[in-house]
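So that we are looking at the same thing, I have put the structure below in structure tokens.
Note that the chains are named A, B, C and D in the order they appear, and that numbering of residues resets to 1 at the start of each chain.
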Amino acid sequence: MKRTGVFVCHCGINIAGTVDVKKAAKELSKHKGVVHSEDYVYMCSDPGQNLILDAIKEKKLDNVVIACCSPTLHETTFRNASKSAGLNEFQCEIANIREQCSWVHKDMDKATEKAIKITKSAVEKVRRNESLEPISIPVTRRALVIGGGIAGIQSALDLANTGYEVILVERSPSIGGHMIQLSETFPTLDCSQCILTPKMVEVSKHSNIKLMTSSEIQEISGYVGNFKAKILKKPTYVDADKCTLCDECTKVCPVVVSNEFDLGLTGRRAIYIPFPQAIPATYTLDISACPGLLPIACGKCADVCEPGAIDFDMKPEIIEEEVGAIIVASGFDLYEKEMMGEYGYGKYPDVLDGLQFERLLSASGPTMGKVLRPSDHKEPKEVVFIQCAGSRDPELHCPYCSKICCMYTAKHAMLYKHHVHDGQAYIFYIDIRSGGKGYEEFVQRAVEEDGVLYLRGKVSKIFEEKGKIKVWGVDTLAGKDIEIDADMVVLATAMRPSEGAEELAKKLKIALDKDGFLSEAHPKLRPVESVTSGMFLAGAAQAPKDIPEAVAQASGAAAKAIAILSQERLFHAPTVAKVNVNLCTGCGMCVDVCPYDSLSLKDGKVEVNEVLCEGCGTCSATCLRAAIQIRNLTPLQVSEMIKVSLGG
Amino acid sequence: MVNLEDLKNEAHKLLKEGTVKYIIGYERGTNGLLPIPAFIKNPEDVERLIWDPTCVFNLTRFLVDEKRRKASEKEPDERPVGVIVKGCDSRALVVLLQEKFINRDDVYILGVSCEEAGVLDEKKLAKTLKGKKAKNIEFTKNDNFVVMTEDGKTEISAKEILAERCLECKANFPVIYDILLGEKVKRKSDKPFGSLEKFESLSKEERWTFWKEQLDKCIRCYACRSVCPMCYCDECVADTINFAVTADTTAEEKAQKIKWAEKSPVTSENFVYHLVRAIHLAGRCIDCGECERVCPLDIPLRLLNKKLEKEAKELFDYEVGFDPDQPSLVSSFKDEDPEDFIR
Amino acid sequence: MAEEFEPKIVAFLCKWCSSAGSDLAGVSRMEYPPNVVPITVMCSGSVSPLYIFSAFKRGADGVLVSGCHPGDCHYIKGNFYARRRIALVKKLLDYIGLEPQRFQMSWVSAAEGKKYTQIIKDFVQELKPLGPQTKLRSNS
Amino acid sequence: MEKILTKKSFPQWVKKLSLYKIYAPVRDNDICNLEAIDNPESIDLDCSNTVLSPKKIIFPQREIYLEFETSDENKLQVKEILPEETPSVIFGVRPCDAKALTLTDKVFSGDFKDPYYWKRRNSTTLIGLACNIPPSPNCFCLSVGGSPHSKEGLDILMTDLGDKYFVESLSEKGSTLINLAKPLFQQPKAADKKAVEKTQAEAEKKIVRQIKDIKKIPSILENMFDSPLWDKESLSCLRCGICTYLCPTCHCFDINDEVSSSSPVKGKRVRTWDNCQFPDFTMHSSGHNPRPDRSSRLRQRILHKFQYFVELYKDYQCTGCGRCISKCPVGIDIIEVLDKVSDYGS
């Protein structure tokens, strides 16, 4: 019979104040197979741990139970102690008699009785634990970064500069993300393009980075250290190596469509370059706008292309890559126009969203940096900025704060004043959230130096009248109605997870939070990891954030990925599913329920990929014939735990 | 109406041409009207086949035996087995396919339609005949039953002597088959869970008294489990009776066996057995009613399984045995599954 | 006066949410009755109906299964399977005449120490008037 | 002692036996069960034979042998549990079932007299009811040395004579019961005796089923261990336990420890019926099973009843009650099987 040792911790008076630890130790000493039972004031202290060590050696214990605080606190401590005495770490179990007992009860007799049951339950469990060693997995020492915005770029560069190969996948024809659309950045007012383009160039030139634009993730399989990615590379019909950026093709292209880079404020041709600094620096053919290739309906661009860069026969390719870690930086989109009908967005041309206004401010934008109304190209003299357009509105829109709008609205108002010196900027706001280095000062500067008028309150109605946009609102501080005849309205629309994020999350098996952003493993302590091991989150895909935060998280994600890639082998918890082949009939119900695709059928029996299995045990509860169970939390263990928990 | 001669001819052809290795059907037995399963290999033996309202068995149960036998053979005959299935039985077949227990290629399905009728309840018949003994019973064109007794022929309305489950039938003709005999007559059961009504209207304590009385009768002969095509597990988790130990079962696997229910036929153990069986049949039971028919103590087991069939339909809009590709009831979920019972 | 009936409850708590939530109740020094013995499992999805029947057979007056809120499951979707499975078990137990109050399910997140405390308090209060669970309990 | 008891007085007789625990057939919708009786009115002697024979009272499906518990000092304490010797009476025992008890008597005697069995057996009085009409269409008692009015194993035999019973005491135990309610009984008239004889003769004629050549069967079986017959006859067997659990003569049992508590260790050692038709009946812990399939299990059932038992006890271990035929879910018919055995021999 296995020899078990029980150690009851007083935790000072934290446990001993409510649980009669002497009695508990004595009762446990009577339990079948318990050959050693003692109590001590602080088991986690060095002398406490030494008691365990000595007892294991002297009494030849096969396993130990420490009745103490929650396993989240000292399970590792005591498992390490047991290990140093020669036991397998799984021969040590924790009975939580503090958080789940002494701290929540007052009646000493009853608390003691309960503590005894909890401890016996742990004894019954540990006596049936298998000695297991962590599962070792080799690592493919390359990384995949999904998304070529600032976060993705930063992660890719950090990884590449550390010496690891990176595959950077971006679905649009150029990297740069939303940051490349911005004019200047708060709070320093650096030119966004000026600070981003060098990084983009670095990406394109970096020998460790394989850049795949116009590409999408099709399928991800595998597990930490050993992912397989299927990437769909869509044809651009232009050979980037041959394209000389001569621009002859656009001149002959008969099609004009709305230019997404300028958010529809300008147009572009079917063959186009997304923006002058695009990386990769090449033109691309937008097949959805082109009159057609099957058969070739126009073909003028190819006719004029001297280097012969245009290749209508380009086909979609599926490229498979093996990587050890994945960083998801799929970014954000602005809240859909259609959703903001109440502010006239989409209805009146001079009601703009934040990004459109950025384009108006940008020197490379549709107005060459002049603030002009889209409707009549006149300089607006009164501009109303509305914060929280779609954010912080749990009833109608998004319940969360989009975080960056307070700052960029201040920036917009400020930059507007820099462009239109005699103009007046109004900002409707709920609160000003300007936490961040230099942020509060920035907002103050907008008010004090640029005379921006902050109005605390909500806009109730916006409508067009005689070429003006009438804005009705309330100033809740002054308690009076406000009516502004604005020339332009700029909405600080909410940030949403980028389009397709949900689909991508499904492919990656990453959970989404209630707002559709990618879920981090822990909101405080693991903000960069996803729940799937080996996959990390960066940038606005996880939650709204500004550039410095996105960059910080991107570097964090890169560091986390490096922590995996820098190892030759990884170790995985061995408490995974195990199949009793004799009982398995191959019905596949466990395969259906496994959240990690760790189960598969082979020759009519189920097989476990131990590396993918996280040990949740849903398979074992689903199996009708007990043919699959989790190591060290088997139905037998649970049934014995039930028995002693009920005093039997 | 299924013509028995057609059935025999089809069976004869299949055997003669060697399409199937044998045919599982019904033949007359020696215990009164109860037929016995027929395993027919020779074409000339098809004459033994019968088809009448006494053909209650769910013959798909014998595919479980066939699978075990085949697995133990060194050079198995890979031809399919022919099996005669009614509508209800075909749904069992669908579940067996869904759970990959059998391959579609391993069975040749001779479907028979019950049309407007079904199979009889022997006890109801005995009551109707008031002591007279039935010698023969047949379907008629108008879906009544003609019963031959020592006093001659009498025609009895099918409704009077049909098995309860046939009155609540969801598939009066096979949902899957290779050949179909009889017509696909649509029949709508107006009360698919009618037999539950009376019982559900009882109070909690009345229900408890009822079930305690019923399950206390159980002698754990396991006929309910043995006759059930869904209870194809080599070892039943609910009891310690049939440990599936093989030469390569490890000591650790043996040590992991749990007595969820003791062998003693007492209330607590009988309840564990029957509750586990009921919950394991949830989303799998197709209401062939065989468990209830074979119970020597007349425990109304259908009431347990039917209840969970009803809950699966009402809570999760899940119906059993129509689509071999649908995921099982408990290995799937919908976001909108009810959770009003959760705190 | 006879000693007040103290129901015995087994609570299957998922490790990541409900067990952590009960830890939080402890850390926050909330108080609740000592009638519940927790058994920490990895996920509410791993709670087999056998565990529940077995607990009642072993004399539990009440059984609680508690997991993460929908969408919060550490294992992505284990609690959704649990929800379906437990719904069926609950219907079945009610059907055979066990008092429905005796079998409960709850969502308790790691942040809901207070909710856990309340659930246990309510559970114990609801079980007290019912007296001991003798229907499914083994007499041996 | 021979008496007449009117059917009207029957409940009063039962009432007079208040010192005894009374078991009798009780109707449960379509079936009859043998139950402990509080109210004599609930007794139904007209119903067909009970699903389970009086075996379930003398040799109950569950018998507690002993209780064990570890003390504080971790010592195992064992307490033997013997059944209480409650004087009991079973009414409505059919001759075949009474005969069956004489067979199990042999099994539980021998070198070791099983105290659990005999304590119950000795404290029970069996009151038989002759079968004027065969209780089952599958009755075949005549083939195995019984008859519908056999007195073997009974303490009293009652014969239904319409509005009255002809009551014949066959033992001291039986006479005691009659004497407890003496005034209720009358002396039989000559006509009564004649009526009994007539009824008995007619009853025998009503038994239609029979085994072809029972006498030869034991010797034929000796050479049939490897016969292909078993395979053929067992093809449809479901491996349930109906035939054996319902059999009044089957007596195999299993012994298990039912542990109710691990701390302290506490539990009961329990004997329960076992069943040679269950796949694990002869399962070895090595995984080897000498009777691995249905055919070997059917063979065991037949050989045990008609060869081994005959060798050991000079009688068939079958009394022709027909339960195994009537209740077999797939119509396996022991008479048919035995007839085929006869054919095999000729």
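Following the convention adopted for this analysis, a contact is a pair of C-beta atoms (placed from the backbone, for glycine too) under 8 Å apart; a residue touches a chain by one contact, two chains touch by 3 or more.
Computed from a predicted structure; not experimentally measured.
Between the chain pairs B-D and A-D, more C-beta pairs are in contact across B-D. The central chain of the assembly on a C-alpha centroid basis is C. Chain centres here are Cα means. That of chain B falls 31 Å from that of chain D. Centres computed as Cα averages put chain A at a distance of 72 Å from chain D.
For the pair chain C and chain D, the distance between C-alpha centroids works out to 46 Å.
Spacing of chain B relative to chain C, judged by their CA centroids, is 36 angstrom. For chain C, residues that reach two or more other chains under the stated contact definition are 49-50, 54, 77, 81, 85, 138, 140. Under the contact definition stated at the top, the residues of chain B that touch 2 or more other chains are 237, 246, 248-249, 260, 262, 264, 266, 330-332.
Touching two or more other chains at once are residues 593, 622, 635, 639, 643, 647-648 of chain A.
Chain contact summary for the complex, chain A toward chain C: residues 70, 72, 96, 98-101, 103-107, 110-111, 113-114, 117-118, 121, 509, 511-514, 531, 593, 595-596, 614-618, 620-622, 630, 633, 635, 638-639, 641-643, 645-648. Of all residues in chain B, those touching chain D in their complex are 29-32, 34-37, 39, 57, 61-62, 123, 126, 133, 217, 219-223, 225-227, 240-243, 245-249, 254, 259, 262-266, 290, 293-294, 296-298. Those residues of chain B that touch chain A in the complex are listed here as 99-101, 232-237, 244, 246, 248-249, 253, 255-258, 260, 280, 327-328, 330-332. On the side of chain A, the complex with chain B involves touching residues 580, 582-583, 585-590, 592-593, 601, 604, 622, 624-626, 629, 634-636, 639.
Within the complex, the chain D residues that touch chain B are 28-31, 33, 51-52, 61-62, 137-138, 235-236, 238-242, 245-246, 254, 256, 258, 270, 272-273, 275, 278-280, 283-288, 325-333, 335-336.
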